[in-house]
Each structure stands twice: as structure tokens, then as C-alpha cells.
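Below, chain A partners chain B and then partners chain C, in two separate complexes.
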Partner chain A sequence: MLTLPPLPARLLAAPIDLNGPGHYLHWGVIQISVANLVVIGLMLIAFVAAILLPFPRKRGRR
Partner chain B sequence: MSATEHPTEHLAEHLDTHNWTGALRRRALRELPPDRLLPDSQPAYMSSWIYLFGVLTVAALAVVIGTGCVLALKGPQWWHLSSLGHYVNSMHLWSVELFLAFMVIHLWGKFFMAAWRGKRAMTWMTGVVAFLASIGTAFTGYLAQQNLDSQWISTQAKDGLNSVGIGAYFNVMDFGQMLMWHIVLLPAAIGVLTVWHLVLVRRRGIVPPIGAVPPEDENTSEKEDRP
Partner chain C sequence: MKRGRTREQTPDSHAFPTRPYDLVKEAVIAVIAVTLLTFGLAAVFSSPDEKPVTVATWSQADPADFTATAVTELGGTSATAQYGPPYNTAADGQKLGPLPLQTWAGVKHPIDTANDFVLQPLRQTPEPAAVTAALARWNAASADQQTKWTGAYSDALGKAPNGDPAKVAAGDYGPVPVLTARLLQLGQSGTLDAQLLAEGHYFQTDYTRALLFLADGSYLQDQARTQHLGGDQWGMMNETGNYPGQAWLWLYTFWYQVQPYKSSTNADALVWGTMALLSALLLLLPFIPGLRDIPRLTRVYKLIWRDWYRDHPTPNPGTART
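Then we have the complex of A and B:
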């Protein structure tokens, strides 16, 4: 009988089931996993946000 | 002699001793005075999120080293078979993911800022070499997993690495050698390069955005070496 892990463990688990073969995208000679593409996309978003979002000002800066 | 001056300072200057400890101390104080090593203020242009990714990289590296030390102490049985071992092993993996992601965003920011300006070429190069050493450390970490993934990666990589002639010192099929590269040689290199990089950042100051004038240049006319 299949037993589920306790609720806290299920809540803390990854929202996507990562136990399986990865998904890959092919474009000519270029091949990249969806997971890596998502990470690169998140890094680009973080980079653009870091440049554009205003930083809270603190008094006393030169 | 002023009241705040240590009584032996005058004496040391006049004696002009030629021992290496005194010479090293004088050079360290000249190159990196305490107020530059541990400043209490920074230029206004540092108030940008993009300047945070360097310290985020260092913070992630601290977690990587800390969890790596725990894994080394407890051993593979523990990290493969116990819940806490799985947790610390995952912490090690995800802190490495964040470490490399933060470092790459830091690299993008500094590249587009041309951060090698103002005598900062060595700061840039120590960062570049630390980045390359980090890739090698991550790679040997994947080889040290002791699972099908590490076997697959090592057998895929061996021919390419042997063809460039480094197989004797970097044999990806030799688990012991790869583990030593991962937990001794490459972390030592990254540690030295990181400290060197941070000291250089303190010595030269953070790089100003293109077009901005550093505070020390605002009151002087010596702008030859500054952007």
C-alpha cells in the first residue's frame, strides 16, 4: 500500500515533481533543458530588476 | 609626539629596521589603511540593487563551505541515507545554485559597468579566475555524488579531457582524485581568490557607474587614473 509522507513534508516539497527525466528543447545544434532555461530566465529578470528598481535611500551617504 | 600616538611609533620610524615583518606592516598600512579596509560610508551610487550581488555571492559561498564541512564530517552514508543528511546535501546543492546565479548576475553587472576601469584590472581578473575555479568545483561536485548521474557525467567528460592532455592530474574516472579536487584544491583556490578579490575591492573602492565621479576625485584634480 502506498503511504504518503506527512503533511509538513508534502507542503515543503517542490511544487513540481522533479523525480523524472528532464524536458529538453532542441533548436538546430542547440539543446537546453527547460529547467536550465527557466533558471537563465529568472537570472535575467533579477538582473533587469536590480537595475531598474529603486533602492531605498539612507541618509548619510556621500 | 601627539597624545594619541603610540610611544614606540617614533622609535620604529627612526630605527628603520629592515626585517620583513616591519616592511610587511608598513606596506600593508600604506596600501590598505584601516579606514579603507573597513570603511564606514560608501559613495551614493552604491545605492543600487545591482551592487548587492557581490555580497550575495559571498554569503552563498559561506553557506556552501559550511554545509560542505558538515558533509565532510558526517560522510556519504549519512548524506545518502538519513533525512538530515538529505537536507544538508540539498542545502549544499541549492546554495551552490544560488552562488553561481548571483556570481553570474554580478559578472553581468560589472561587465556592462566596465568594472576594470580605474586600476581595477586585477580585481576583474581575480573575479574571472574565481568564476572558472567555481565551475571546476561544481563539476567535481557533480562527479562526487556517487550515483548514476556522476557516472554518466564522468564517462561523458573523460574523452574530451584526456584529448587535451590533463587526464593524469584530472582523471574524472578517479573518484578519490575528483573528491580531493572538490574538497581541498579547488575550494582553497576559490578561498584565496575571494579574499584577494575582496581586498582589492576595498583597496580600489567600488567601481563607479560610467560617467559618475568618485568622491575622492571630487576634491582633487588627479583624475588621470579614474574614469
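Then we have the complex of A and C:
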């Protein structure tokens, strides 16, 4: 029989539950979790964006 | 003379153009953005929710491993008993080449595994008569006899089906089976967790003894390996479940995956030494020819300040030397 947690617990529960078996990529000696890979990708995107995006400037001034 | 010429070419900082910059506004925006991100991500993803591994959960889930480990603690053959400083003098500990780093640091947290993990907890709790007699017999025996008993019982446990103490073949194990059976009862009841944490203070904050006892068994390691937290699984940068871990430790854990670190008994000291050397190189970067020229050669700064270089294509006193 399926038992559900009480309503307050269900309402407060995180919509995305990451407490499951981890997903890992293997490439030779390298092992990395998909979660770490995503975070590293986001960091690289932030780094490139920080370099390429123009500085905000007030109108009429270079 | 070259040095003098270089100094002449370096423009005074007041010669550069300036622009107003509201640092306080920038900091406030950064704090607000990070706060919103923190609460937002916590609400969406929550946090790892693994139940703690304790001596009680270990001894209940895997009594055979607990008993086998307790015998090695009693006989002084466990990893902790043979580790060396800071727990005992059984070995030299980690060395960096000829430098015995851990021997220099000395035995700062003395641990006698037989007494601290087995005999003392048994003495501290109300004992059945059989346990009192077993303790008396153990104390009266010579060290050589104690080693024979624990060695024979370890071998017998290894041969028993599933390592089950109830299925061990008959033999001369002295008081060892009685002592370890009682310790298993204390472990399963949760009493042993409290005893290993006891420091004689009101607050108990030193988990060293409980963690070492747990680590001497194979249960904790099996749990860790299942979650990809083993040393040879890049475990240092991983987290339980599908949560991102400590990605910034990638270089530290990388060394443990390759030779000669991978198979070295001094891997911890070697990795520490390597990272200390690399950190020193990073710290001294401005003084190292070649390495210090990388920013100038890659010209990333021209990308960052592209507006300035577009407007000032030729070098003048206000531009950086290229």
C-alpha cells in the first residue's frame, strides 16, 4: 500500500528531488558527475559572458 | 639599462582616463542577486538528505563486518592500530620523500584500539557475569596469548559462512567471542556510539574515535563507493545523489587517479606536496619568466578593453604596453 507524506511536508518538499542514484560519466581515468559537469559549464558560460558582454554605460557617454 | 627604459615607458596611473564607478551600488546588487539565487535554488532543489552512518546502523546492518572489525581492534591489526602518528607509534605515517612529516608532528591523539574501542566500553557498562569473567581472562593473559586468540578468531570468522559469528567452527579463541558478542550488543543498542564520543566534557565534539572505528570496517567504505565518494572515484569533488559537489577540488583529487600517486603508500603527503608546489608557483607568478608573459601573449586584456583599443589603435602614454 502506498503511503504519502503528510500534506505540509508535501507542500514544503522541493519540486526537483536530486536524492537519487547519481549519474556519472566515465572517460578513461576521468569520472565526473553530470551535476558537476553542469556547474562547470555554467561557470564557463559566466566567464565568457563576463568577457564578451559590453560594460553598461550611461546614454551619451562612451 | 633595460630596466631603466622599461620604467620610463610605464605611464603614470594618473595619465589613464577615468570613469565614475559606484562600488557600493555594485556590492548591494551582488549581495541581493546571490541571496535570491541561494534561496531560489534551495527551494527548488533542497539539499542532500542522506541518513548518517553510525556504529549503531553499521552493527545492525552488517553484524559480521562489525564483529570482524572488533576482533582486529582487539588484536591490534586494524588500519587504525597500524597507522602510526597521530594515533600511535606503530608506523612512521606519511612521508614526503625522506621527510617523515607525521612522525615530526608526533602522536597528538593517542588511541589504543583494544582498550578504547573494545575493552573500555565493555567495562563502562553493566556486565553479564560471562563478560566479567572474559575480561578478567583477557587481562590475565600474555600479549602473545591475546594475539593468538584474536588471530585464530579472525581466521575462523573469515572461513565461516557470511562471516557469521554464530557459524564459526569450534576452536581455541579464549574470551574473544564473548567480548565481541557483547560489544555487538552495545553497538546495536546505540550505547557504543555515545561511549566512543565521550570526552568527559558536557559537549561532545570529537568524532575521531567513532569515525576511525567505522572506517576500519568495510561497511562505511561500501556505502561511500556506492555514492561515488571513494578516493579512486574522484570522490573528493562529488556529493551524494545528483547534487553537484566540490568541483574546485578537481586538481587535488586528480593526482590520486594517476601514477605514481595512485599506488603510493604516501599518496596523501605526495599530493599535498605537489599542490603546495603548484600553489607557490601561482603565488610567485609575477616573478616567473615565461609564465608571467601568458596574459601579454594571449591578449585577453585586449578583448576586455576592446572599446579602448578600438578608439586608440596606436600606442600612446595612456595605453598598456603590448
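Going forward, the second predicted complex is superposed on the first by the 41 of 62 C-alpha atoms of A that agree within 3 Å, B and C clash if a C-alpha of one lies under 4 Å from a C-alpha of the other, contacts with A are read in each partner's own complex, and residues count from 1 in each chain.
We adopt the following convention: a residue touches a chain if its C-beta (ideal position, glycine included) is under 8 Å from a C-beta of that chain, and two chains touch if they have at least 3 such contacts.
Since this is a predicted model, take the numbers as computed values, not measurements.
Enquirer: Of the two partner chains, chain B (first) and chain C (second), which one does A:19 touch, if any: first, second, both, or neither?
Expert: Second partner only, chain C.
Enquirer: Which partner does A:53 reach: the first (chain B), the second (chain C), both, or neither?
Expert: first
Enquirer: Check whether A:29 is in contact with chain B, with chain C, with both or with neither, and answer first, second, both or neither.
Expert: After superposing on A, A:29 lies in contact with chain C but is clear of chain B.
Enquirer: State whether A:10 touches chain B only (first), chain C only (second), both chains, or neither.
Expert: So A:10 meets neither chain B nor chain C here.
Enquirer: One more residue to check, A:39. First (chain B), second (chain C), both or neither?
Expert: A:39: touches chain B and chain C.
Enquirer: Tell me which of chain B and chain C touches more residues of chain A.
Expert: C
Enquirer: List the residues of chain A that touch chain B in one complex and chain C in the other.
Expert: Touching chain B in the first complex and chain C in the second, residues 39, 43, 51, 55, 62 of chain A appear in both lists.
Enquirer: Considering the complex alone, what residue numbers of chain A touch chain C?
Expert: 13-24, 29-36, 38-40, 43, 51-52, 54-55, 62
Enquirer: Flag every residue of chain B that touches chain A in the complex, lowest number first.
Expert: These residues of chain B touch chain A: 41-44, 46-50, 52-53, 97, 101, 104-105, 108-109, 215.
Enquirer: Going by the contact rule at the top, pick out the chain C residues touching chain A in the complex.
Expert: Chain C reaches chain A through residues 43-46, 48-50, 227-228, 233-234, 237-245, 247, 257-258, 300, 303-304, 307, 311.
Enquirer: Where on chain A does chain B make contact in their complex?
Expert: Spelled out, the residues of chain A in touch with chain B are 39, 42-43, 46-47, 49-51, 53, 55-58, 60-62.
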